[in-house]
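First, the structure itself, so that you have it in front of you.
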Amino acid sequence: MSGSSFGTLFRISTFGESHGPGVGVIVDGVPPGLPLSEEDIQLEMNRRKPGQSEVTTPRQESDRVHILSGVFEGLTTGTPLGIVLYNQDMRPSAYDDIRELFRPGHADFTYLAKYGIRDHRGSGRASGRETAGRVAAGAVAKKLLAQRGVSVTAYTLRAAGISCESFDPAVIEKNPMRACDPVAAEKMVARVKELSEIGDSVGGIIECRIQGVPAGLGEPVFDKLDAELAHAILSLGAVKGIEFGSGFACADMRGSEHNDWMDSEGFLSNNAGGVLGGISTGQEIVFRAAVKPTSSITVKQKTRNIRGEEREIVTEGRHDPCICPRIVPVMEAMAAIVLADQFMRQEARGRKNQA
Amino acid sequence: MSGSSFGTLFRISTFGESHGPGVGVIVDGVPPGLPLSEEDIQLEMNRRKPGQSEVTTPRQESDRVHILSGVFEGLTTGTPLGIVLYNQDMRPSAYDDIRELFRPGHADFTYLAKYGIRDHRGSGRASGRETAGRVAAGAVAKKLLAQRGVSVTAYTLRAAGISCESFDPAVIEKNPMRACDPVAAEKMVARVKELSEIGDSVGGIIECRIQGVPAGLGEPVFDKLDAELAHAILSLGAVKGIEFGSGFACADMRGSEHNDWMDSEGFLSNNAGGVLGGISTGQEIVFRAAVKPTSSITVKQKTRNIRGEEREIVTEGRHDPCICPRIVPVMEAMAAIVLADQFMRQEARGRKNQA
Amino acid sequence: MSGSSFGTLFRISTFGESHGPGVGVIVDGVPPGLPLSEEDIQLEMNRRKPGQSEVTTPRQESDRVHILSGVFEGLTTGTPLGIVLYNQDMRPSAYDDIRELFRPGHADFTYLAKYGIRDHRGSGRASGRETAGRVAAGAVAKKLLAQRGVSVTAYTLRAAGISCESFDPAVIEKNPMRACDPVAAEKMVARVKELSEIGDSVGGIIECRIQGVPAGLGEPVFDKLDAELAHAILSLGAVKGIEFGSGFACADMRGSEHNDWMDSEGFLSNNAGGVLGGISTGQEIVFRAAVKPTSSITVKQKTRNIRGEEREIVTEGRHDPCICPRIVPVMEAMAAIVLADQFMRQEARGRKNQA
Amino acid sequence: MSGSSFGTLFRISTFGESHGPGVGVIVDGVPPGLPLSEEDIQLEMNRRKPGQSEVTTPRQESDRVHILSGVFEGLTTGTPLGIVLYNQDMRPSAYDDIRELFRPGHADFTYLAKYGIRDHRGSGRASGRETAGRVAAGAVAKKLLAQRGVSVTAYTLRAAGISCESFDPAVIEKNPMRACDPVAAEKMVARVKELSEIGDSVGGIIECRIQGVPAGLGEPVFDKLDAELAHAILSLGAVKGIEFGSGFACADMRGSEHNDWMDSEGFLSNNAGGVLGGISTGQEIVFRAAVKPTSSITVKQKTRNIRGEEREIVTEGRHDPCICPRIVPVMEAMAAIVLADQFMRQEARGRKNQA
């Protein structure tokens, strides 16, 4: 139980369901003296919010951030941040039809199996809306990372069967797919719209690059940097896999190919993805995550109801035909939260060489 | 800090370095009344131990398990198990040559960067030897799972570029690769020996299937079943990726393909890999992990020493040309530990429908 | 860091400062299916709120409880409760005078020393107002305990130098001191008013009795029932000591006096206070806590300002001349939270005899 | 469950029963580079070990410390310390008579109620022997504190009804009671021997003073310095109460008496015991703990057996007529562990004023 918290020193706890009064997060462990305003957080929140383009859901949420505690005269005080967002565009009655149905690909069945009760309105706690709190916390984490010269950049690498063939960080926020290649982005959008029109959805691959991390972050043997990142990223509902550096391709490589050699300047390659033995190498940290196609589709599907009777279902509602562009800021947030926590754990060793 | 513990209710803490006096584990949270002997644990330990075949390291370790506490008259008492294994076939002087060198692919550089000090003997804490404690704890977890009708089976699915094309659980423990296809296993062994002779190594993919898990395990939103498994599996030094069910292939699927439909009997497919919304569906749980080629090779490589000077290195010593067969029991152990913990967390909700 | 959470399975995280926008709590780990309304929580909140009598502060707070998540159609869902209370009767400017002064007995000096920054308005995070979130969480814990036949009753045992000489639980909520003896209560009120008029304050002793706890709660060796209760109770700002059963008097007893004998019916005495070896005995659990006199007084005191200059101070504002009656519900809440957590930890052992 | 670990960053996990093969501890989170030998730990262990004088048990244990990991070439490496002590003077058969009896004042009844099974040999896990691991960990914590100029001194303040009337730290280790007043010590010894001869035992009060702690340690609102110390000290089986500074006497004080005034030099008194709002003030930290009389006495007592039948019992065996002198080093160890952890948690805020 108590699965709604994450982190050791920089620790977040989220609450909230899709169609209840609101969602939010407590961020405990923020060092005092950090300049922080609601607007700082709002900027990240706006990247995640629905209704941004034709490849995302038309649900309208202002996603207005309210900081209830932890900031005084523009600076964090070292006490927990309490952050709330009220739900607005709630249409719980839109979900009356599915009250007793298990939507394929959704957590309806498993939540009922686990808890014996289920808030069916818009997936309840299993909704992507829960991630708003994570993005708010991630915005704070990013400020801590910026102080340390670290930046986190995620983007759509592949979607709807189309891969980016170039990498230009400047274009990511300028196309609705948040892809790193503008040409591929256009093709992706076209394909997503095509499938969206027939009520279907697509998946994709998000890549994340973290720059500026010094060598030495990560807490072996269980809280290794890659293990914690995997935990954080797999805690996102739509993610089905993660790989670092060369990733699954390593399975077909020889040691002599995969090992990253060094010379006096540093490493000569980065098959490891910036992590060795669970500790950062000082290189760019690179991972990719597999994002499944959105489960809510209007294609007719087979399912059953809570009494075990077979039914057909068409998931109406306002859904993202491709969740990739909205998952990008969430993934950045989770990566930033892991790193902020790891920095503090490492910095707690302060006197290491002063025995 | 304190990264050497894992789990919430079924909680393990490991200690030990490769060439120090010994390694071990404390397992806290084991329910009382479980029959347990050193022999129960030894059986799993023997599957992990070195020197089993020509595709693994010739290092000889009896890996004799000593239970120092927590068992009385053949039953667990509910108090922590203290388990120790003494190191025997230690040859620290064999590592004198690399005292000041960073071996490519190893954690030598990162441990020194992190701690400012490094036990260079056989990788120290970063050695695979640390996993002996995990396997001991996993043996206990497996007993708890057996009480609940759950079994965990891992095996080599691909290695040295060769994939299994059939699945026969009966053959896994009968071939040195722990592959699920005896024909593929033979080819793998041949290829591994070939590469081993020229001092190189290979990677592979391990698949893990968990049967008998009822619907309802997993603790959203951060301690989801797949997130915890990812954390556990990525905490193994050689693992560079994990995927569930269809895994990375989901990126190219449509929602109408990937969604697992249901009828009155249950699910009609298992693209999800047995986990929806981070909670078990009652189906088989399936994941795959990418294992990098062993870093220790005798091929000559470029590196530098602790003073930043360029050097060449040939990693002598006793190493596994392919670590896959020895990682199989470790991966099973980690999966079993996650499941035992999740069972207890779920069972703590005992009265759920009795309000 | 991250000191704002408490509990393992029934886990609370509070946020909020005295004169910020609001205070609140996340309660994670509440089993699903528990009937819960805002009114259930409000009842406990009203016992803690200011302005109840002439022995407490005249600050007016409606302390209106808002549940933002975790309840659906009148039942808990197993997901975290998000609970918020907005601050209303804020007069931050009333604190302008003390912006640079350290009030004796308050945490002004230590917060500034720790964080390098201090929200001086009404003690900020160190205010008793933070305990509103604890009382909300405690109301939920009490419902879980009621399901198990457990009740928690605290009361003022001594205040202003006057001790209760009888114990009648029926009178506790009927006198402004929440004392267990109505005659003593009257004397206490008279004395408190007398001292209040000269601007001074008084301390006291709260006793807490917990009935209905079966033998077996407590998690040796560190999370013993009494150790966790001590942690919880000492986390209240005004508490300076705790003792169980015979308490400090045990120091002068012989083993033959202190040991609680048993016969076939059970224990013949309860010097232990219902806890042996950190585990409940099945008897009433009894502890007492020392509550210091309220620090805010209008008697002129010596202090210094943030620049180290000597100053005199008279703490104006709206304060409780004796905090005992308002601490009673908070102490009950903390005890209930510890017990709810310990019940779940024990119940997670479900199958203990079914090996 | 999992109650055998303590601490957040400096984290200890103990294992072991009184008459099993051994006891021990893992200390995780020790910063690298700290000089540490088995001898450093042995010195503290010898202060706790049995057989030191006629007021303690004659059980003979060499209590030889074995460090299995975490130290390399005389320095800690940042990896977990694994420390083991083997039990030697085990006489499990001495406990055959009490196999089915509940010894008054012992945890026999509660352990059986909790776990449904009980290692009856010398109290099993509930034995004071478990604290050997704590003392080992405390020795490491003390070294970290020494680096920061902090010392922890505990001593017997009162025992057998006799109070110390002077305080001389130099005499503490020179008298068998570890009292701070040599005259009182002599009287205590005489009285303890007198009672010991008639098979009875006595309790006492231990006082602990911690010097050199800067202002700013403690993690509100739940992990306050005093709350954590209370948790740690109440986790010792014989302790029934704790108080800070003026302690329970505060109940009878007025605010104008209890508040510690400041001038430009600092505080003018220390009624708070060095902690305000859960954070250290920079003054000496002072607390006292009530220690119950040893439960094992040879006076004939009433009890029952596991079948509920009334019995008489005389607890033979080798016991301490007054446990105070042996609890002194254990209490110092627990206080040192709390402080080491709090230092690291505070130091993790490193950049606090560098926003």
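Per-chain numbering from 1; labels A, B, C and D assigned in written order.
The criterion applied here is as follows: a residue touches a chain if its C-beta (ideal position, glycine included) is under 8 Å from a C-beta of that chain, and two chains touch if they have at least 3 such contacts.
For reference, the UniProt names are A, B, C, D = Chorismate synthase.
Remember, it's a predicted structure, so these values are computed and weren't measured experimentally.
Of all chains, A has its CA centroid at the greatest distance from the CA centroid of chain D. One inter-chain figure worth recording: chain A and chain D are separated by 45 Å, centre to centre, where each centre is the mean of the chain's CA atoms. Inter-chain centre distance (chain C to chain D, centres taken as mean C-alpha positions): 26 Å. With centres set at the average Cα position, the gap from chain B to chain D is 38 Å. For chain C, residues that reach two or more other chains under the stated contact definition are 1-5, 8-9, 14, 32-33, 75, 78-79, 114-116, 125, 220, 344-345, 348-349, 352-353.
Arrangement of the chains shown, judged by which pairs touch: all-to-all, with no pair of chains left without contact.
In the complex of the two chains, the chain A residues touching chain D come out as 8-9, 31-35, 75, 78-79, 147, 220, 344-345, 347-355.
The residues of chain B lying in touch with chain D in their complex are 1-5, 7-11, 13-17, 20-24, 26, 28-29, 32-33, 66-70, 72, 75, 77-82, 84, 114-119, 124-125, 344. Remark: chain B residues 1-6, 8, 14, 102, 104-107, 109-111, 113-116, 125-126, 130, 158-159, 161, 195, 200-205, 214-224, 226-235, 237, 240-264, 268, 272-273, 275-282, 290-297, 299, 301-304, 308-310, 345-346, 348-349, 352-353 touch chain A in the complex.
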